[in-house]
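Take a look at this one; I'll ask things after.
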Amino acid sequence: MLNYRTDLAMEAFDGENQDDLPGVDVHRWETGGVTLTEVVISDACAADALGKPAGRYLTLESPLLRRRDPDVRRAMAGLLAEELARLLPEEDPRACALVIGLGNRQITPDSLGPCVIDRTLVTRHLNDHLFPLSDMRPVSAIAPGVLGVTGIETMDIVESLVRLLSPAAVICIDSLAARDSRRIGATLQLTDTGIQPGAGVGNHRRALTCESVGAPVIAIGMPTVIHAATLARDAFDWLNRQSGDDSPHEDALSDMERSLLATDLGDMIVTPREIDALVQDAAGIIAAGINRALQPELTEAEIAAMMD
Amino acid sequence: MLNYRTDLAMEAFDGENQDDLPGVDVHRWETGGVTLTEVVISDACAADALGKPAGRYLTLESPLLRRRDPDVRRAMAGLLAEELARLLPEEDPRACALVIGLGNRQITPDSLGPCVIDRTLVTRHLNDHLFPLSDMRPVSAIAPGVLGVTGIETMDIVESLVRLLSPAAVICIDSLAARDSRRIGATLQLTDTGIQPGAGVGNHRRALTCESVGAPVIAIGMPTVIHAATLARDAFDWLNRQSGDDSPHEDALSDMERSLLATDLGDMIVTPREIDALVQDAAGIIAAGINRALQPELTEAEIAAMMD
Amino acid sequence: MLNYRTDLAMEAFDGENQDDLPGVDVHRWETGGVTLTEVVISDACAADALGKPAGRYLTLESPLLRRRDPDVRRAMAGLLAEELARLLPEEDPRACALVIGLGNRQITPDSLGPCVIDRTLVTRHLNDHLFPLSDMRPVSAIAPGVLGVTGIETMDIVESLVRLLSPAAVICIDSLAARDSRRIGATLQLTDTGIQPGAGVGNHRRALTCESVGAPVIAIGMPTVIHAATLARDAFDWLNRQSGDDSPHEDALSDMERSLLATDLGDMIVTPREIDALVQDAAGIIAAGINRALQPELTEAEIAAMMD
Amino acid sequence: MLNYRTDLAMEAFDGENQDDLPGVDVHRWETGGVTLTEVVISDACAADALGKPAGRYLTLESPLLRRRDPDVRRAMAGLLAEELARLLPEEDPRACALVIGLGNRQITPDSLGPCVIDRTLVTRHLNDHLFPLSDMRPVSAIAPGVLGVTGIETMDIVESLVRLLSPAAVICIDSLAARDSRRIGATLQLTDTGIQPGAGVGNHRRALTCESVGAPVIAIGMPTVIHAATLARDAFDWLNRQSGDDSPHEDALSDMERSLLATDLGDMIVTPREIDALVQDAAGIIAAGINRALQPELTEAEIAAMMD
């Protein structure tokens, strides 16, 4: 089967009349050069129609992100920190958090999660060993590796760690697939619905959700690739639209799929040439957002000084 | 302008009746699980028709290369060594060689050249300083970086080094673009025509040829990417063929191009997910072939022991 | 406190008359250019005297390893495979193994463990999902990260994984500290005593042993550093010996320690300049030894072809 | 011969009565948490006595640098920019500059130069090709590699590039050796005397000076290592001082040297465990200082946006 997937909830609407879909609310606003889109899916019927579980999806977007504009990067890290703070359980500001970097460190477009872990301020061992009275929230962070590298289902490792650490919240970071090349490297998605099977560049096999984990699971991701099959299908659709032909063409489409599969193209990804730099940049923004949301008492300088 | 380029001479014929093209000879044979294709372009007319300069192009191909089959890797390194040795000037087996790794070390699919340099046995300084009487050929190797990183035209750096070192042969390694995804990571091309403007993943601006350099310029490359525009165009062509329509459709095609350019897709590349490992593997094979061709007196063990 | 530690059992004897120590057997032999030293500590008294737990320690050593001699590398991988196979539980050749890469991927001399994991053939997911009837041993492999990076005690993660996977054997790889610079990059140690608190370049806080884990724990390591304090102390001892003075000089020694601590030297390590290449080379040898010991039915070619 | 070298001019005075040395002026002041020490060697006699060529050496130092204090990092980048700007030829603010990253990218403590090049804003190609009328200074940057990797004397490559580009100033970045461990990762040195033979972690063979190059040569470096022999000698000296013995002990010293050489220790370096992070941090500071000094018309945001 070819993969035409998008991991962005906002792309599930593209081309649809959004107001007509009951059980879905979409809001869009702008601040500091960043466009925010909130999609709230509130009933099971809408969730089915869109192929996304019910919950809140927030997208932060700016075309300037790919041009490395430092003001937009700072704005995005700040917005991410605010919105993430809103999703954290309120009861106890010192309740333990576990940050999980999904994906494969050795495959650049799939390495966003591990790269964020490298820059996340971990403090749980400080609270335990050195500063039992400090104001810092205890944070642990790990990049467990992918099934093909460890031989262990990622979700099994995460569940073991949750049992060990009993975190009040789990934050997962993952590389995503998009449909539209303009969103690669330009969009962050934050959601409270956890991680779904088949999502992410590495295609997870099992869900990681509040139910499976027993704690809120917040997912943060950035699209780094388009599946090659998506691109071919888009060309196909585009051509059909051009010829004024809007019939489904299911037969022609499955012929094309068979033909693409035979050329290995089904396994290939479309990615910007500068993907290595894009992933590093995004990891810096996401880690800054996480660090500020989890340690609101620390200044940026204090966070930097504690990283090593 | 969108880039539909292939750097493989053998792909310039795909779909053509090769026997009908005067001035071009194509031979194909197989050995040790590797398919060799030799394309000799012997007149200017054929060169124009194919968009490739006159000269000899040899392709080594095996689908098992991407599966990391160690027998095929060893066979390919051996064949590359033999064929490369044939292109070296015969007069003096100790005449100096300069190996140039083209491309950008920071961009994985463009980093093949620099990765080969990291594994090339350099000996020129040993001959000069330690072993003036040794049997080794003096070899230098450098990855000069790309224009966007150095601010210096690569060919200007190479010409300066040629003036400094007066090599009897220049060997250039570069990442290539292909049309067909089956050739990514599965094909090596060896040619005596040097490097052409617009070739390589990084798109060179100037030629590097025997004329410009004053010494034979041998180019070795492996395709690591397909341009995204190529993929879209292939889908377009495929659909037209399906509809039994073989008219040129120039208007529709340029509409599609404009549409693709507007989505950044023109800058994107199609590459396998495991591109990091593919480039490392290919660099090992190419460096092994170069080291053996340049130092036929040394055993594999002696070459390994001298690398550090 | 300054760290003068050696992790090599064989160095615990240096300068001692080994035959006089009851409860310790030392054998030394040579094969294929490699010197093997077996130290068996069989009683608690000897263990105390040497500061090493009772058990079997095997050292493989060759000065040619640092010169990258390919014959010695092959010999060492083969010997490691044989000796490791001997330590694996015999009952069931298909019993599950868990390979743990200790240490910090971001600190070169401490990255041996993670680098071995990158090259270990994992098969547990294949047995589960694809080849339930295959002859391969199910193998998992993980580099859990260090306390300072994850905030989680490494041994806690390992115990969670042991509970999850119930392996028949745990194999740990770690970077070690030595006393003698000639052993850096030239020596592998294999032991059935597990990992001790305070051992390794990263200084573990808790033990990982058969008792704590409930399965045999085999440790493989290579010294990559000497602690700077060791070097200063060696100079101190050497000078005293020179002056014909063999009194303990405890006061002068602690003065020197205080003076060294004040200059940060206590935290520094002594390492060869080419440590990056040494770690990569050693990781290749150790992974080859592990892969062959765990999958005796597979040829080298089959192992290579399955890695990706 | 063992290497006891320091590359820091300020360390050439340690233990000397600085006021007594004619031909040398030393000033020290502090600003923003950074201590600046200026050493001006103005006559050949003093240069000989100190083993450093005549010229101006400026050191920027703060122990907080190793703790990654962001305020000190920003202060140091700003001070470096100011002082570097002062050394640039005044005539023409748009005269071309060439930045050279000395050292070996594959050896972490020697990779400072190449890492700075990765973050230097290059503009020469923009001036040539796109913005002939812009206010930016044309800057090129290259990491030519070391003799052992390229087979080409570094200074030969640099001279070729100087001939090609005719820069108004050459700025070289190199990793240095120090005597005192407190200066590793905590000190930047800026000098107008160029690069000397035997200096740097990689031990240059030839000078790179205003005379050899025909343009001002400014060198920027940070100590990343102490030579292991220095550490042993310091322990030796310390012990002699303790025993109230200040006689030269030349015989004992050369015995110790012979003994150290026999153990490979002469080739080893003393370095902090976190050297990988230290080099990345320092590269960021130095590149920021260079970018601001060379492009005073651009804001920090504009510089960031142009990097990719």
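First chain written, first letter: the chains are A, B, C and D, and each begins at residue 1.
Quick note on the criterion: a residue touches a chain if its C-beta (ideal position, glycine included) is under 8 Å from a C-beta of that chain, and two chains touch if they have at least 3 such contacts.
Remember, it's a predicted structure, so these values are computed and weren't measured experimentally.
Under the contact definition stated at the top, the chains bordering both chain A and chain B are C, D.
More C-beta pairs touch across one of B-D and B-C than the other; that pair is B-D. With chains reduced to the mean position of their C-alpha atoms, the one farthest from chain B is C. In this assembly, the C-alpha centroid of chain B lies 42 Å from the C-alpha centroid of chain C.
Per-chain Cα centroids separate chain B from chain D by 38 Å.
Touching of two or more other chains is recorded for residues 106, 274, 277, 308 of chain A. Across the complex, chain B meets chain D through its residues 106, 117-118, 122-126, 138-145, 147-153, 156-157, 160-161, 163-165, 308.
Listing the residues of chain B that touch chain A in their complex gives 106-110, 180-182, 184, 201, 226, 228, 231-232, 234-236, 238-239, 242, 252, 255-256, 259, 263-265, 267-277. Touching chain D in their complex are the following residues of chain A: 67-71, 274, 277, 300-301, 304-305, 307-308.
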